[in-house]
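What follows is a pair of complexes built around chain A, which joins chain B in one and chain C in the other.
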Partner chain A sequence: MIKVASRILHGLLLLAGVSVLAFTLLSVAPGNFFDELRLNPQVSPATVAALKIQYGMDRPLPVRYLRWLASVTRGDFGYSLSYHSAVAPLLMVRARNTLFLTGLATLLAWMVALPWGVLEALHRGGWVDRIGGGVTAALLAIPDVLLGLILLLLAARTGWFPTGGMVSADASNEALPERLRDIAVHLFFPVVALALGTVPVLVRHVRSAMILVLDSPFIEAAHGLGIPRWRLVYRHALPAGMNSLISLFGFSIGALLSMSLLMEVVLSWPGLGPLVLEAILARDIYVVIAAVMLSSVFLVIGNLLADVLLYWSDPRIRAV
Partner chain B sequence: MAADFKTAQNPSQPIMAVRGLTLSYARRGVFNARRSSVRALRDISLEMFAGRTLALVGPSGCGKTSLARCLVLLEQPSAGEIVYKGENLIEMKREHLKSVLREIHLIFQDSATALNPRLTVEDILAEPLLIHGLGTTNEERRQRIQEVTAQVELPATWLNKRPLDLSGGQRQRVAIARSIMLQPRLLILDEALSALDLSTQGQIANLLLDLQDRHGLTYLFITHDLTMASAFASEIAVMDAGRVVRRDSPSKVFTANLHTNCETLAPDSPSRETVLAPLTPLGNDE
Partner chain C sequence: MTKRHRNVLFITLLATLHLFVIFPGFFAPYGYSTQDRELPFAPPSRLYFMDTAGNFHARPFVYSWQVRAESNKGYEEDRTQRYALRIFSTGSPYVVVGGWTSNLHLFGVQAPGRIFLFGTDDFGRDEFSRVLYGGRISLFAGLFGATVALLAGGFAGVVSGYCGKWIDALMMRLVELFLTLPWLYLLLAVRAVLPLRIKTTDAFLLLVGLVGLVGWARPARLIRGIVLTAKERNFVMAARAMGASNLHILRKHVLPQTYGTLLTMAALLVPQFILAEVTLSFLGLGVGEPTPSWGNLLAELQKYSVLSSYWWMYLPAAALVLLFMAYHWASVALQEELAAVA
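What follows is the complex of A and B.
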């Protein structure tokens, strides 16, 4: 319990550091929202100056940071200059959509990668391993964007799946099963695209972790006792190889919000990706800072979860 | 389950006979193509007799461990026969082989890596019984575990410990206990004493001799320590470069000026009593 509390404290300190860095770097970066506004001939310089004062952007950096911190305590996470609203409600809807997509993709990727990696390790050097290695190498070589574009092209040409969005325009009038089917159809390509990008990395990690364990004398000793292969894998090898995989799982959780940003833009998924891209282009810094902070929170949660899982799964760690 | 698992065995017939055993490892190049092969074992022939100890000695890399791994089929030999009680293990059907391999066990040098670090000693000892369906109830299994732990002098308080909580000697006792859970006939001790300090070596060696007397176990005692080999075995086979170059009684092996490697390893040959006797009175290794 003390260890968990200590890790949470470390996480909070990390988040504080990230917030200072993100705020400072985005503030000192050349150009801001009002520079973009000045380019609009319909907005007078006096209006721009008034808006700057209204949003407190004329204040020194430390003051702006403290005001942002105050808004965090209120649950607003700053104010979006483009959307004229608090950042939190804006971000939450998009983050929920992103998590829905990436959660499913991550789950699918692990469900595929775990047996695949174990199978390759068990048949090391054999045909299964070589074919599997070829497929993962090919998937690793294809950039995510290209993969997204290929799937988009497939969707557009075949018409089997929608080319963007999360629901059809008329879905709200449908019954619940139809609405669920509509969401599933919209999810298919984005989930597959994300999972295909993640699977090869996971397979490689699972394979190497399992090979390391399968070569251990305690596995050979267990094998010598006549323990069947399936039991060797699930009772001895998998738990022993789990430590590095649990750490990797923590990173998967940490990457839930950031792994799909590009793919969401390509496949028009109404998640954080398009919102953050627009915010960066418009220099809407509070939206960007909030997105960075949210990603950092997930990273901290992922690492904490990995630590707790390691503690739970490995008696040697509990003994320390 | 009986604590004593001696069975009748014709003393003139070897319990295990190895004939013409050869093991080659393939060297592979680009696209896994076979480039060449390395012969780890060359035409090995050995016999092990019930209730006796054959020591296998030789310099590092001469193939002792490869041979041990072949005997329990952790490595598949390229040629030759491993005949156990008149049946060739290499040609055996899987189910039959499983039951035969219950009687042959390999004990590794490093007990720290040979025992699953996540399991408790009790789980480690119970697993062979579960796998082979020996002891249908928890109570039966517990009883068998108690019998075996008493034989290897494992205190009951260790049962809830994990391997890394124990010392090297304690872990080796657990490894031996696990091996005799299934009432084996042949134990292959692959440098099983090498990683231990001198007094613990003596205690484990005495324990092994005691188990041999009690159960009529056969040992293949692999070591590079000729002093221990001479104290422990009734016969010594000397290996070099994948071959058995000499096989004789300990006294003859040491007196004969036969092989440079052997001379380097064993400048003198103390008696079995000299090695084991001074070590016996020392306390437990924990």
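What follows is the complex of A and C.
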């Protein structure tokens, strides 16, 4: 428990560090929202100046940071200049969609990668391993952008699945099962895209972790005792190999969030990705800061989860 | 084919691809911004050996495209005039390096005819030329980013491994932090710091440099490991016993042991940084029109009509995948060669 508490403390420190860093960097960045506004001939310079004072953008940096911290404690996370609302409600819906998407994709990716990697490890050097290795190498060489575009083309050409969004325009009038079906149909391609991007990396790690375990003496001993093969693999080898895979899960969250951002933009999923992109283009700094913070929060929570899982799965760590 | 031959082949392939994009002016028949407003989205030219009369020509030729007469939509070949393919033809001038200009192209056709190996884009610009010129920027971003990352990471790794103690502990915490952060969010945050509309190459260099700095963590951890083992080697101990200074030991005994790993690491990192450039330009935050880069060439595909109608607009992606494969194979080959030497 002390370990978990110290991990949480670590996470909080990390978040504080990220917030200071993001805030300073984005505040000293050349060009801000009001510069863009000034280009508009219909807005007078006096209005821009008044707006600047109204939003407190004329104050020095530390004051602005403290005011932002105060707004965090209120649960607002700053004020979006282009949406004219507090950032938190804007972000929450988007974050929910991103979490939903990445969660499902992670689940799917692991469900595919685990048996695939184990199979490759069992038939090391055989044709299963070779074909599997070829497929993962090919998938690794395809950039995420291209993967998204290909799936977008597939969606457009076949017409079986919608090419963007999360719900159909008239879905709110439908009954609940119909609405769920609608969301599932919209989810299909984004989830497949994310899973396809994640699977090859996972397969490689699962394969090497399993090979390491399968070569160890205790497996040979168990084999000598006449324990059936499937039991050997799934009851003895896999739990032993799980250790490094759980750490991998913690490490891969960052990559997954990045890929999700890109796929959301390409496949028009209403998640954090499109929002962040718009915010950067509009210099809406509080939205950018909040999104970066939120992605760090996901990261911290994911790693915490991995630590807890590790604690639960590995008796050696529990003993310490 | 022995393993040795295969490795040499892969490395040669990689070198050839680099040659193509380092001298785009020579290999491309046209400039990247040469427009032909009459021919937007013309499909790739077909090479022929047989003419309409059934005569064989040793020198392949192309027909020029014209708008289809009856429907006024799409293109058809104008079969009345043949344009023979010329090797080492003269065409529009381009800058080779610095102030040295040339008008020699690897191939081309006589003036009113045009040759489009990869078709044209919405302004009637030759996609093949744009892929080559775009490759120059993307590849340069990759090489430059990887160099910065290796230098920064190498320095951090050597300091961390050689000094040890609290410096090492602090450094490794930082490495872990950078390794787990979502890199695209990090990249976008860094990008948000820079001016929105990048015009000059200086700003572009700055961007790539920052991208490189962000990627220092992985090389740092690897180099640290090597330095840690290297400094315990007997000959290093002996050098220390004979009173060699730290700097001397580092330069003469420790650093040479990291070169192989650095090279392999570079083969792994370059594609990653190319991808970073492609992603930023794809999202509209990197290199902008009319300068092509593989990212903004792919960004064209975000328009639905382009995505679904003009298959040749996917060809920049094919170039990207080919280069990635070449880098992957080269890194495997390098690892094998280095293992054989060690």
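Things worth noting here:
Operating definition for what follows: the second predicted complex is superposed on the first by the 311 of 320 C-alpha atoms of A that agree within 3 Å, B and C clash if a C-alpha of one lies under 4 Å from a C-alpha of the other, contacts with A are read in each partner's own complex, and residues count from 1 in each chain.
The definition used in the following text is that a residue touches a chain if its C-beta (ideal position, glycine included) is under 8 Å from a C-beta of that chain, and two chains touch if they have at least 3 such contacts.
Computed from a prediction, not measured in an experiment: that's the story for all the values here.
Applying the stated clash criterion after superposition on chain A shows that chain B and chain C can sit side by side. Contacts of A:134 after superposition: neither chain B nor chain C is touched.
When the shared chain is aligned, chain C comes close enough to touch A:288, but chain B does not.
Vertex at chain A: the C-alpha centres of chain B and chain C lie 90° apart in angle, rounded to steps of 10.
Of the two partner chains, chain C is the only one that A:303 touches; chain B does not reach it. Of the two partner chains, neither chain B nor chain C is touched by A:45.
In the superposition on chain A, contact of A:236 is made with chain B only, not with chain C. When the two complexes are overlaid on their common chain A, residue A:152 makes contact with chain C while staying clear of chain B. Of the two partners chain B and chain C, more chain A residues are in touch with C. Once chain A of one complex is fitted onto chain A of the other, the partner contacts of A:316 are limited to chain B, with no touch recorded for chain C. In the superposition on chain A, A:257 makes contact with chain C only, not with chain B. Looking at the shared chain after the overlay, A:89 reaches neither chain B nor chain C.
When the two structures are aligned on their common chain, the gap between the nearest CA atoms of chain B and chain C comes to 5 Å.
Listing the residues of chain A that touch chain C in their complex gives 14, 22, 25-26, 28-31, 137, 140-146, 149, 152-153, 156-157, 163, 250-251, 253-255, 257-259, 261-262, 265-266, 276-277, 280-281, 283, 285, 288, 291-292, 295-296, 299, 303.
Put simply, chain A touches chain B in their complex at residues 125, 130, 216-218, 220-228, 231, 236, 239-240, 314-316, 319. Remark: chain C residues 177, 179-185, 188-196, 275, 278-279, 282-285, 295, 298, 301-302, 304, 307-308, 314, 317, 320-321, 324-325, 328 touch chain A in the complex. Within the complex formed with chain A, the residues of chain B that make contact are 28, 32, 69, 72, 74, 98, 101-102, 105-106, 108, 110, 113-118, 127-128, 131-132, 162, 164-165, 175, 178, 182.
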